[in-house]
Amino acid sequence: MKRKKLKMGMVGGGSDAFIGAIHRRAAFMDNYIELVCGCFSVNPEISRSSGREYFLPDHRIYDSYQEMFEKEMELPVEERMDFVTIVTPNKWHFEPAMMALERGFHVVIDKPMTFSLEEALKLKEKVEETGLVLALTHVYSGYPAVKEAKARIAGGELGKLRKVYVEYTQGGWLSQRIELQGGNNAGWRTNPKTTGKAGCMGDIGTHAWHLAEYVTGLKVLEVCADLQTYVEGRLVDDDGGASLLRMEKGVTGVLMATQIATGEANNIRLRVYGDKGGLEWRQMDSNRLTLRWGG
Amino acid sequence: MKRKKLKMGMVGGGSDAFIGAIHRRAAFMDNYIELVCGCFSVNPEISRSSGREYFLPDHRIYDSYQEMFEKEMELPVEERMDFVTIVTPNKWHFEPAMMALERGFHVVIDKPMTFSLEEALKLKEKVEETGLVLALTHVYSGYPAVKEAKARIAGGELGKLRKVYVEYTQGGWLSQRIELQGGNNAGWRTNPKTTGKAGCMGDIGTHAWHLAEYVTGLKVLEVCADLQTYVEGRLVDDDGGASLLRMEKGVTGVLMATQIATGEANNIRLRVYGDKGGLEWRQMDSNRLTLRWGG
Amino acid sequence: MKRKKLKMGMVGGGSDAFIGAIHRRAAFMDNYIELVCGCFSVNPEISRSSGREYFLPDHRIYDSYQEMFEKEMELPVEERMDFVTIVTPNKWHFEPAMMALERGFHVVIDKPMTFSLEEALKLKEKVEETGLVLALTHVYSGYPAVKEAKARIAGGELGKLRKVYVEYTQGGWLSQRIELQGGNNAGWRTNPKTTGKAGCMGDIGTHAWHLAEYVTGLKVLEVCADLQTYVEGRLVDDDGGASLLRMEKGVTGVLMATQIATGEANNIRLRVYGDKGGLEWRQMDSNRLTLRWGG
Amino acid sequence: MKRKKLKMGMVGGGSDAFIGAIHRRAAFMDNYIELVCGCFSVNPEISRSSGREYFLPDHRIYDSYQEMFEKEMELPVEERMDFVTIVTPNKWHFEPAMMALERGFHVVIDKPMTFSLEEALKLKEKVEETGLVLALTHVYSGYPAVKEAKARIAGGELGKLRKVYVEYTQGGWLSQRIELQGGNNAGWRTNPKTTGKAGCMGDIGTHAWHLAEYVTGLKVLEVCADLQTYVEGRLVDDDGGASLLRMEKGVTGVLMATQIATGEANNIRLRVYGDKGGLEWRQMDSNRLTLRWGG
């Protein structure tokens, strides 16, 4: 059978956006995915100029995602997109995702999954009904050293697990109220109408949470959290906070996340300790996995 | 006026003990303190052999601290000890300290201060009454880089403080139930009758706590903690845990301490973030103070 | 004017090779280059299966680079390749490069440039004659932190330069005589007939050399070197060595390179010192540039 | 038999000097040595005030080392000094050392041993004749991690040795011509009349050299060096340089030392590679010994 590249469409990710470019780069680098179409902005002009910049022909650059799904369905199967990547503010994750699933397209969404829990549960139901793939990009679990960590824990090298410490400290980024300046994506991320009530915890705490559960293979059962908003006037629930965690099998831990740790870059870090040994991984030195053995 | 070396007596710190040797080394290295007497063990033979090993004449090596205080009082002022250093298990901090203060000797005690809060309050009262010095050896605040951190925060370099993260992770040490083996000082440290109910938090959490308050100059106002004992059969309240902190001036933070983080050595680490910048100090790289500035 | 992706052809880089995959990944990730044709192996079957794996149509997969240049010339300009990337053993850099230049194609060659100095000089002449681009992939100069280092030095931040220390220590790789095992690319790299006489210095010393000259903007004028071959039976001039360097403007330095530093991974590191400050960059922590200032 | 503390005398090391204080601190910290006398400066007033600061009685503070040796000889054996520590500029190492040995005192000298090779050979002869101890303080070999490195190499863990890289980069210190300012010890260290012709190599290159030979147990047989003096007007042979080394058993290496690497603190670092593995030690992280194993 003839192999073919997977055909990707995109919602969001115009040349004025942040995360779309990273999705495209990740998609292109090993040469198994090609971008075939997209609606790259709510502004049709930006969508059009972005699509051309990405070397798309004009008839595959759309003014709305509704139009995109409709027109792509009319194309021959071997031409139309196979899946859609949604890289919009949280508020606009659910609708295009649901529409894509209903038309038979697989879906990739940047985290967090949706604006509300209700929306997430509806997508879950639709995925189960259709058998299609819905992927959330908790990207930190993709590092080879993180996969190695998971495998070693699963293989019992650390013994019976005891503690998980995970933290995600960002700083320069939201440490001042830059959302007032415009021209950056702090605006929608600190606006409850576009991002939801969860501020930092929804934006990056989700990464820390996923990393902890992914590497240990254990679910968090109970949380006791203290969330704060330090930057005055900011409307979301938190720009940082910390949680005491109780996980399956008696493991306890701490999750810390903040976007106002002035001076930090993008410091996500995990430590796990068992009765035989411990391990540590930091995204700032991402090819290193440190293992420490007991007595 | 003729300068003279300060004359130190010691309670505990025999050749079979751990922390006494460190107190002596610290006392000797800059040549301002000399050891003149001591009762180095509840076992008079160990006290005697230890004292000789420390080059003391026999008549200044005592069988009990009660004897020591009595006999030293009888010596001429220029010969008798100026202060006593108490390096015994927590249970025996209060009595020799109180006795010393009553006889006019200054006192140094290894942390934690006493076995119970009541004892600590009584010592506080006696200190205020006598005007004598009572010093607790929260030694991590003695590092030059820690003093530098304190000075920079006090000078406003980090701006208005927001977050304090402090942790103390030990591991190889109490990760297994070594208290059953004997021949080590895990025995008294995990025995509620000698150490008190507070396990890891009393032993090393105190250092983390002091470091956080010392460097920021802010008191902790509220604590929400989750403590656990992982090593089966261990009788103290915890061999590790974590706390969410609320401090003065709206600062929040996290304190983590554990003695069962298998593979860790003696990893005490502090981070403080303000609205202008952040700083980090780690005892494992103790001459370095990392400062990070915001955008 | 309509933008278009650059069309790349490749010589070497079959699915059994090492460096070709890295060239393709680098070419694809920002979406400005597409692979349109190639002769990926001297073995036509490997060339064919590799080309299919890279999603090429059969008529653009060639059995020889001679055939490739010929057939591509017959294609309409807007379809044919724009440049060729040559990722073969050193022995086969010159011929395809010269042939490409003669037919008007730009050329990318993996370092070192050619098998002999004579060949390199001929290519230089041809490049000057044709005005085409010939690019050598001294990739370490592509890191943002390295470009930052170069810019800061050029801007005078370090003051008058004094010292350059550059080293490239590899280890696990050629520390034993793995060229005898087959199935790896140690074979051609340690065979004077395919790699040339220069062993480690030709293979990775070139990277160190280029990095030193690139960052400082200064040429090396004199070299005093001591080269050794430690692995018994190895036929190239060296599997490591060190050189004292004298560079322009009175700068002196040291270049160390070895492929038998057992246990090292891929440790290329540069330090430059001037009378005002110094800087350091290490590929193992490649996003960090350390600057140190004087008194 | 009654143990007693060793009695130390000192030549040099007044309160205006640098290295003497470090010798005293090292001597005092484990309580086996006491300072009993000294001639702390060529200036009798500084000698006297320094001795008092060190809690010596006036009759054990001398105006000259000649006087010191003479008077100490007249004291009862159990009172007189056991050994003398010489911490003067290089020019004044030989005479007091020879005089001490002739009178039966053991000797400690700060490196480098003497002003000239002839002097060193005479001392060697005298030591062999008298059977007394003459110790040079190549202090970096005293770190536990360095001793561990030596033991592991001797035990064959790295296999057959191949390469030794040792470097000592200092910077802030002599990077500018601070010897003209006075009030620091750069004066005698850059004056050929007090330090000898060897500048940086004599001062700190000796430490690097000793470390390389000490850890490997191998002697350097051949040296090819390039020395420079960058700071204009400086009179010693070098303020930094590098050497290619050939050692016993076919080991080769590089020694780099400089005191003008602006921005560096006191960075002495050793790497050794054998055919089974490699090790690394850095004084800036002195409790860590990194071991790396081959494939």
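All chains are identified by letter, namely A, B, C and D, in their written order; residue positions are counted from 1 within each chain.
The definition used in the following text is that contacts are C-beta pairs under 8 Å (C-beta built on N, C-alpha and C of every residue); 3 or more make two chains touch, one makes a residue touch a chain.
Keep in mind that this is a model prediction, so the values were computed, not measured.
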Chain C reached from chain B - shortest hop count over touching chains: 2
Type of chain A:chain B copy interface by residue overlap (half), same or different: same
Furthest chain, CA centroid comparison against chain D: A
Chain A-chain D separation of Cα centroids, rounded to whole Å: 57
Chain A-chain B separation of Cα centroids, rounded to whole Å: 45
Centroid distance [mean C-alpha coordinates] between chain C and chain A, Å: 36
Multi-partner residues of chain B (at least 2 other chains): none
Which chain pairs touch, all of them: A-B, A-C, B-D, C-D
Interfacial residue positions of chain B with respect to chain D in the complex: 3-5, 24-25, 28-31, 35, 52-55, 284-285, 287
Chain D-facing residues of chain C, complex: 158-159, 162-163, 165, 167, 171-172, 175-176, 178, 224-226, 228, 230, 240, 242, 244, 246, 252-254, 256, 258, 260-264, 271, 273-278, 291-295
